[in-house]
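I've put the structures underneath this note.
Heads up, the next two complexes both have chain A, just with different partners, chain B and then chain C.
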Partner chain A sequence: MGRAAKAAALAVPLTILYLVYTGSWSLFEAVIGFAASFIVGLLFADAVVSRPSKLYSPVRWAWALVYAVLYFTIIELRAHAQVVKLIISPGGMKPGIVRVPYSVETDYAVTTIANSITNTPGTVVVDIDEKGKKMYVHWIKVEDETDEGARRHVSMVFEKYAKRIFD
Partner chain B sequence: MTRWSDLKEIIIATAAALLLVALSALLASSGLVAAPPPSDNRWLAEKFLTLTYNAERKALWAASPEVVTSILWDYRGIDTVYETSVFFFAIIGALMLVRSYKPARGEKIEGRGMSVIARTVTRITLVAIPVVAASIALHGHLTPGGGFQGGSVFAVATLLAIVALGTGFLVNRGWSKGRLLGFRTLGLVIIVFVAIAVPIIGLMDGGRAYLVQNQEKPWSGYGAGYIYSVLGLDILYSGTLLFLNLAEFLAVSAGLTLAFLVMGLPREKLYKGGDVE
Partner chain C sequence: MIAGLVDAILYYLGAALLLIGGVLDVIAAIGMNRFRNFYLRLHAATVGAIGGGFYPLLGLGMIALTMHGLGETRLYIAGIAFTTALFLALTAPVGSHALAQGAHRGRVVLPEPVVVNKLLEDEEKQGR
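This part shows the complex of A and B:
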C-alpha cells in the first residue's frame, strides 16, 4: 500500500472530524477539509493505519456500533450499579491487583479492552505485559483471583467485541 | 457466534439508547434544558459594570474596579475554584506522561517505554489534533482562532508524540532540525512577502500603500480583495488575512515542534552537539 493511498484512506474519517469540529457541512468545507486531512495523512498515516481495507469493513463498523450502544447503556449501567452497591454497603470493597490474560492481536484491540475496563470506577489497568499477553488490573472488588476467573469477570465482554472490531 | 442472550442484550441496549435520544430531544425542544439564547443579554454586562466597584451598593459589589477578576474570583468564584482543581488534575496527567522510571536491579531500561495503551492513543491523537489545528488556522478570519492558535494546537500533537513515542519517532521520519527550521523560515518568508505585496503593487502603479495593508483605504486604493468567486460560490477570504494565518500556522507549527524536539533530546546527544539526527 503506497503512502498516498494510506493517506487518502485515512483522510475520509479525518475529513468527518474536520467537519464536525468546524460545524459546517458544505461541500466547499468538505473539499478543504479533505485536502488538509490528506496532508496530515501524508505526514502520519503509516503510524495509524496498517491495512486501510480494515478501515472500510462494514462488518467491523457494524460491530463497533453495536458495541458502542451496549457499552454506553447496559455495560455502563451495570458497572455503576455495582459501584453504588459497594459504596452503600460498608466493607464490601476488596481491592487488589489481578492478572488478566488476553488473546487479541492488534494494538487497537488491546487499547479498547484496557480503556473499556476503566468504565468501572476503581477498576483500571495498571500495567501490561505485551509479550506475555497479560494485563495487570486493579480491581475494586476481587471476586476471583485466578487468571481465567478474573478474565471472565473483568474483560471477557470487552475482549469479544474488541476482537470483532479490530483484529 | 452471537447467541440469543447477546441478541437480547443488543435489543435492550438499542431500545435504551433510542429512549435516551428521544428524551434528550424532548427536553431540548421543550426549552427545559437548553433555552434559546436571548437576543439581547446586555443587561447582565450592565449589571457587572455598574456593580463591581459601586460603593453605594455594597450589598452586591466586589470592591474591585477590574470587572473580569471580580467575575472570576467573586461572582462565579466557585467555578474558578473548580477549574483550578481541573487544572491540578491536568498537571498530574502531564507529570504521569513524563514521569521518571527507576529500573529494578538488573532490569534493562532499554525498550521500556510507554505502554501499548498510551502509544496507541497517542497515535490516534497524532492525526486527529492536526486536523483540528488546520480548521482553527483556516477559519482564523471567520471565527475565533488563527495561525498562531492553530500552530500551537498542532504542536500539542508533536509534543505528545515526543513524550509517548520518543524523539526518534519524529526524527526517523525525517523531521530533522534543518527541515523544521526550513519550514519555519518558509512561513516567515511568506509573511514578509504578503506584508510587502500590496505596497509593491501600489509602487508599481505609481501610488502608495502601507506595509501589511489588507483592504483599500479612501486615500490608498490598493487591497488584496476579499471575495473569491469559483463555481458559483462566493468565498470570503478576507484579503491578506487568510494567507498570513496559513503562513503563521506553518511557522508556529514547525517552530514549536522544533523547540519541543530539541528539549526532548537525550542528554548525551546534547553533550555531543551537532544536528538532531
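This part shows the complex of A and C:
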C-alpha cells in the first residue's frame, strides 16, 4: 500500500510532464503516460519520495508556483543586472568566499537553496557542511562578511520559500 | 478578439525574451574573456546558462504557441522548449557545483584576488 501510494504520487507529475513534453492531449496518451509513469514510480519511489502526502498538498504547489514566478522575474533580473554591470566595468569587484548558514531539514529543501544560489549570477556554492548546516558561497561582490549578514543578502528569500515548499 | 490579443502578447514577449537572451549570451562571452579567475568565470557562465539559455527557450515556446499554421506541431515544439527550459534550470547548477567543488578540493586554482575566504579558514582550523 505504502509503495503504491508513493508511486501514484510520483506518477501524476510525471504524466503531466510527459503530456507537456509530447504536446499530445488525447485520453490514449494520458493512459499510456500514466501506466509508464506508474512503473517508473514503483521503481524509484523509495529513493525519491519519503512522505507522499506532501506531493498531494495544494498549498505546497501554490507556494512553489509563487516562488518560481518571483525567482525567475525579480530575483534573476536583479542578479543579472549586477553581474552584467560588473562585466562591462570590472572595477567594483570584491570576490570572496563567505559562510552562509541554513536551517532547513529535508534534502530537497537544501538542494533547492543551493540550486537557487548557484542559478543567480554572482553567487556560486563551492562547498557544503551538512553537519554544521552551512554552505560556502563564492560571492562576486562581498557586501557583508559576517555569517548572518551574508545569509540575509544571499539566501534569506530562498530559505523562506524552500521551508514552505518542502519542510 | 481575445485570442488574437493573447497571441500578440505571447509573440512579442517571446521575441523580447529571445532578443534579451542573445544579448546576454554575448555579454557572458565577453565576461568569460574579461574575468581573470576560474571562480569569476563561473559567474559569467551562469549568465550564459540562465539568461542566455533558459529565457530564450521560454520565448521560443511562446512564439511556437502562436504559430497556428503549424497545426498540432506547434504544441510539440512548445512542449519540448518548455521542458528543456525546466531541465536546464534544474541541471545547470549541478555542473557549476561540481566544477567549483572540484577546483577547490584539488587546489587547482586559488580564488585570487579574494577579500575573504572562510572556507580555507575553516579547513585549516580542522586541519584538513
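One rule holds for everything that comes next: the second predicted complex is superposed on the first by the 162 of 167 C-alpha atoms of A that agree within 3 Å, B and C clash if a C-alpha of one lies under 4 Å from a C-alpha of the other, contacts with A are read in each partner's own complex, and residues count from 1 in each chain.
Following the convention adopted for this analysis, contacts are C-beta pairs under 8 Å (C-beta built on N, C-alpha and C of every residue); 3 or more make two chains touch, one makes a residue touch a chain.
Keep in mind that what you see is a predicted model, and the values were worked out from it rather than measured.
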Fit-or-clash call for chain B and chain C when the two complexes are aligned on chain A: clash
First (chain B), second (chain C), both or neither touched by A:A64: neither
Which superposed partner A:L55 touches (first chain B, second chain C, both, neither): neither
Which superposed partner A:T22 touches (first chain B, second chain C, both, neither): both
Which superposed partner A:P95 touches (first chain B, second chain C, both, neither): second
First (chain B), second (chain C), both or neither touched by A:M156: neither
Which superposed partner A:T73 touches (first chain B, second chain C, both, neither): first
Contacts of A:A30 with chain B and chain C, given as first, second, both or neither: neither
Partner chain in contact with A:L10 - chain B first, chain C second, else both or neither: first
Which superposed partner A:D127 touches (first chain B, second chain C, both, neither): both
Common interface positions of chain A, toward chain B and toward chain C: 17, 21-22, 72, 114-115, 125, 127
Touching residues (chain side chain A, partner chain C) in the complex: 17, 20-25, 72, 76, 80, 83-84, 87-88, 90, 93-99, 114-115, 118-127, 129, 136, 138, 140, 142, 145
Interface residues, chain B side, partner chain A - complex: 9-10, 12-14, 16-17, 20, 115-117, 119-121, 123-124, 126-128, 130-132, 134-135, 138-139, 169, 233, 235
Residue numbers on chain C that touch chain A, as the complex places them: 24, 27-28, 30-31, 34-35, 37, 39-40, 42-44, 46-47, 50-51, 54, 72, 75-80, 82-83, 89-90, 92-94, 96-97, 100-101, 104-105, 111, 113-120, 122
Complex contact set, residues of chain A against chain B: 10, 14, 17-18, 21-22, 28, 32-33, 36-37, 39-41, 43-45, 47-48, 66, 69-70, 72-74, 107-108, 110-111, 114-115, 125, 127-128, 130
